[in-house]
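Shared chain: subunit A. Partners: subunit B in the first complex, subunit C in the second.
Showing the complex of A and B:
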């Protein structure tokens, strides 16, 4: 068990490719931290620098109280699970798991065997100990790889997308299993994944990376409910957040947003937003679950047409088009990332509906639907910087909700 | 096929029962196989015939009985007792084993460093190695002779061994390097995290996994050293220090040629290769079939 400290860690690959830029983060003792980001965001590079498989160009990494920059991997007291498991093909499961103990400890053969058996039992692979890796299924290999890591009882676990080679069902199962294991062992863990769902479900805290820069660190709830910028807002959560373009209008009696979405906001909010940004158009971020869809016009509703309705089981996902929406791409600055959907040619607006509440005949039809928005869960982003300019409000709203929930318990 | 009665089939337009068809196919297959083997082994067979009794081919065909009457192990006896054959054989064995072992040792790590480690000039070294393969052996023979004479390696088995290693290395390194590049890097990384040094990771993980490739390289080095003629002829001029190929060559006299002795020597020189290939080849096939790495 050890805390890990990144102190302005920078990695520049040959040919001046900046993989990680001035990364600062402290991971507490026994914490499960997930590094998440799209490919090329530098998350694997960070993990490999902790492991000692990649040199650190600048800055320091501490494990416990030691600066590990110059330590070879074998002296860092870490264990790593690789994406392709990296089981030694010429050794059986027992030998694979004992490999590290033989190299890094002075334990006798019996002690090693006892510890391997203990770990094998924990992973449910006792029967496989004399098998060679090639005879194992994907899930079994994954278990052996994890078993090989836990048997050494290291200070830090490093996971490099360990579940991405498994099929969806097994992945979900192993997810819970790994999480349970980590809670049992209370070992500091860094887990790298590009799957935000994995990050959300497993971690104590999530660190979101993009282009080698840390975007936000926080608990899964925090990064979901209070994204610091458009990238985090779009990356975390599936389906991703809707982005509407609206203008802040403070000429009337009460300030309001006009544009794709028309909503009234309080004077204080308008003040905060105006204080943080001098843009006139803003991106309003609203998650699909915070949009209500009506068949008839209600007060303050916005008309839209249905593109497609995807049944998901407990609820349906409705894709809609706004009557005269402003394209987000026309508004945001070039350097502002609006997340994964950037690649798709058209913006997709989504809302969750109850199954059957909107007839399927509305799909690709001129029938109108009417949307109302839960403004308590609306995020306002500056299109120039991509930053969330009313994040504080969300924090208070959440705190209130949480204390209310606690009070009712 | 399905419309025909089950118990007959058609072989070259003749209706036969399936049993006959199977048998006929087997006979045809084996006839072809054995005739090919016969073509390949005929020279070896003829070496054997002549080594026992010096005859001409047509005499042997006309009257094999005469050959049987005159057959004796006399040539072998002379080879072992009246010539330097045993010494040459020993020298060949020493040079071959030494250069094979040495080149495997060097090329295992050399190929690894060129294939895996990141250092300045890695590509240049790799290309340079390949470049050396472009020169025919005979081209460097004279310079090599002068250099070896100056540094005192002339006329010694050590010198010959070094020369062989130098010639085998480039090819072996390139071959092994290609194999290493197909091994997932995470294997060594896992070993290094598990407490090995990099060299330890190579010895404990990479070498066992590349055993088939190393065996192939070993065979290559072995055959090269065992058969090499020119270098041995130039770098050794003491009859007691020479190896088999130039040794056997010295039996070719200006006016006489003892065919039976020559063939006995040739057979004696071929035997070790037969044995080695027989064992290592089996090993290679096993290694490849096992498919040591799957990612």
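Showing the complex of A and C:
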């Protein structure tokens, strides 16, 4: 069996650089797990420790029932696809694919050829078998690299950013192709990427890393809908989640948030939040698709101005400014990560709108708009810890909605 | 191009040659002229003079006498000549193989991480910086029967009284070769090391994941990457070695007998010791032909291994 188990795996590089800190994770047999995170998050280090290309400083990695810490790569029954493909330039495609079989099996030349041809057919590269890598296009090289991995029929596939050198269109295409391949072969796969979209679309589960620490593991839906902290909230999803600063006000008749966003919440919600955090101000996370944009003020709406509108085709992305928004940076503690999207000091607020729904505003900046927020999909983060303090509420709301829908059917 | 003249002194120049007579082209030639002239004077003229001389019997103060191919007939008839030819090929082949092997070995060692690596690299590179004449004198001392370090070591270690390294036919060529190899192996070491630094690390990683052990990595990744530069440097070094004069001349002068005699020293002896300039010129022409052969193979391989890709 090829279950993979990380048991408080730690990697310290020379000079006391902590790359991975007590990482725990179990990957099921046949699962497609993606390690995602910004550069320097330790995702590649983890993959290379599984491959045996990097020593494990502390903890254990199990493949199947074997602790592999001390095994050389060749004894781990793994195959790896490298970011730059690492094809042997002096060998043709056939020899590249046969290289591992020759080294690691006792198969006869005919058997090896048969297996290479089979894998080449699966990857659609039968025509290229006698070509040298330098004569291949990027996409073809990628296929050969993947073919070289699958031909060995290993217990585990390791992918290290395999699509990052391809252009956008080819990348999308190869994405679905790799997915299809994995579904067909049902081989345990660890896939490393910095591209959250790749992670979302391909994986059974995603493990999000930052600074060598595991932030959250879950299905793409889970990590998207129930991010455990601000880092995950901002890293997963594109465009990223909006963060508004608001104060929880429980003095009135009904509890409400006041500040950038003005919304009423239920007493129960207020209690949950207060029970999990003693902060006054909170970060309210709302994804662009959960903001409604109106041209005139409606009940409970928040005024804002149009910054720019990006036409995306099926819908447009509207960037807006709040009248007197509080900067997120002023509120959050230094150690709280609000995502790598945060490149400028200024907050970027985004909302999806239907194309043309704000007439004339393509030309005119500073147009006044009014926003309402879907509070069912609102996340409340503690600015001191970055943690999501109302996680799960939304899930129950979803569940309620679903059961209601079922009942009415 | 289009506004340059297409005729030269009334002769119409075909379009494909017009560039030769364009202004740019003429300027180019003009700038090359001084060095071409100097090169012609110090290189082409003597070669032509040498070739011419090989058809004459040198007369000293009297007139040279044209003798046709007689010098060549004499050369190929000399028993000495064939001994020298054999020595020259043994010398150039064996020392190049030794240098390449030792250079490769050190390159492999220096390519690994260890403390003091840069010091080791510098030390190993040092022989390459020493002039041949100094190498020759030092190694002559090292090989000295009475006082030399090698015999001293042999005595200390109990291997008898030592060997007359340069004084016996059996050892002389081999001993000079040792000095030559010591002087020149860094050339291979440093070129191989540079080539190794250019091998992408992920190829080694891919090969390791693919089931390779250390030996596999060396054979299937390192060696193929060193091949182009290896072929070119080996041939280049063969050429230099065929040509090499100093060590043999200073250390043994080809002796004892002709046992360590190589072509360049032999030519020198024929010309300046025996005043057989015609004969020496004929031998030199034979050598020139051999070198041209090497040179052509070199250019061919260079293009295939390095230039063409």
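By definition in this document, the second predicted complex is superposed on the first by the 389 of 409 C-alpha atoms of A that agree within 3 Å, B and C clash if a C-alpha of one lies under 4 Å from a C-alpha of the other, contacts with A are read in each partner's own complex, and residues count from 1 in each chain.
Assume contacts are C-beta pairs under 8 Å (C-beta built on N, C-alpha and C of every residue); 3 or more make two chains touch, one makes a residue touch a chain.
Just so it is clear, the model here is predicted, and its values are computed rather than measured.
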Clash or fit (per the criteria above) of subunit B with subunit C on subunit A: clash
Touched partner set for A:104, first subunit B, second subunit C, both or neither: both
Which of subunit B and subunit C A:370 touches, first, second, both or neither: neither
First (subunit B), second (subunit C), both or neither touched by A:319: neither
Footprint overlap on subunit A, comparing subunit B with subunit C: 51-53, 72-74, 78-80, 82-84, 86, 88, 90, 99-100, 103-104, 134, 148, 152
Touching residues (chain side subunit A, partner subunit B) in the complex: 14, 51-53, 72-74, 76, 78-80, 82-84, 86, 88-90, 99-100, 102-104, 134, 148, 152
Complex interface listing, subunit C residues touching subunit A: 200, 202-203, 205-213, 216, 220-221, 224-225, 227, 309
Touching residues on subunit A, where the partner in the complex is subunit C: 51-53, 72-74, 78-80, 82-84, 86-88, 90, 99-100, 103-104, 134, 148, 152, 158
In the complex, subunit B residues that touch subunit A: 118, 184, 186-187, 189-197, 200, 204-205, 208-209, 291-295
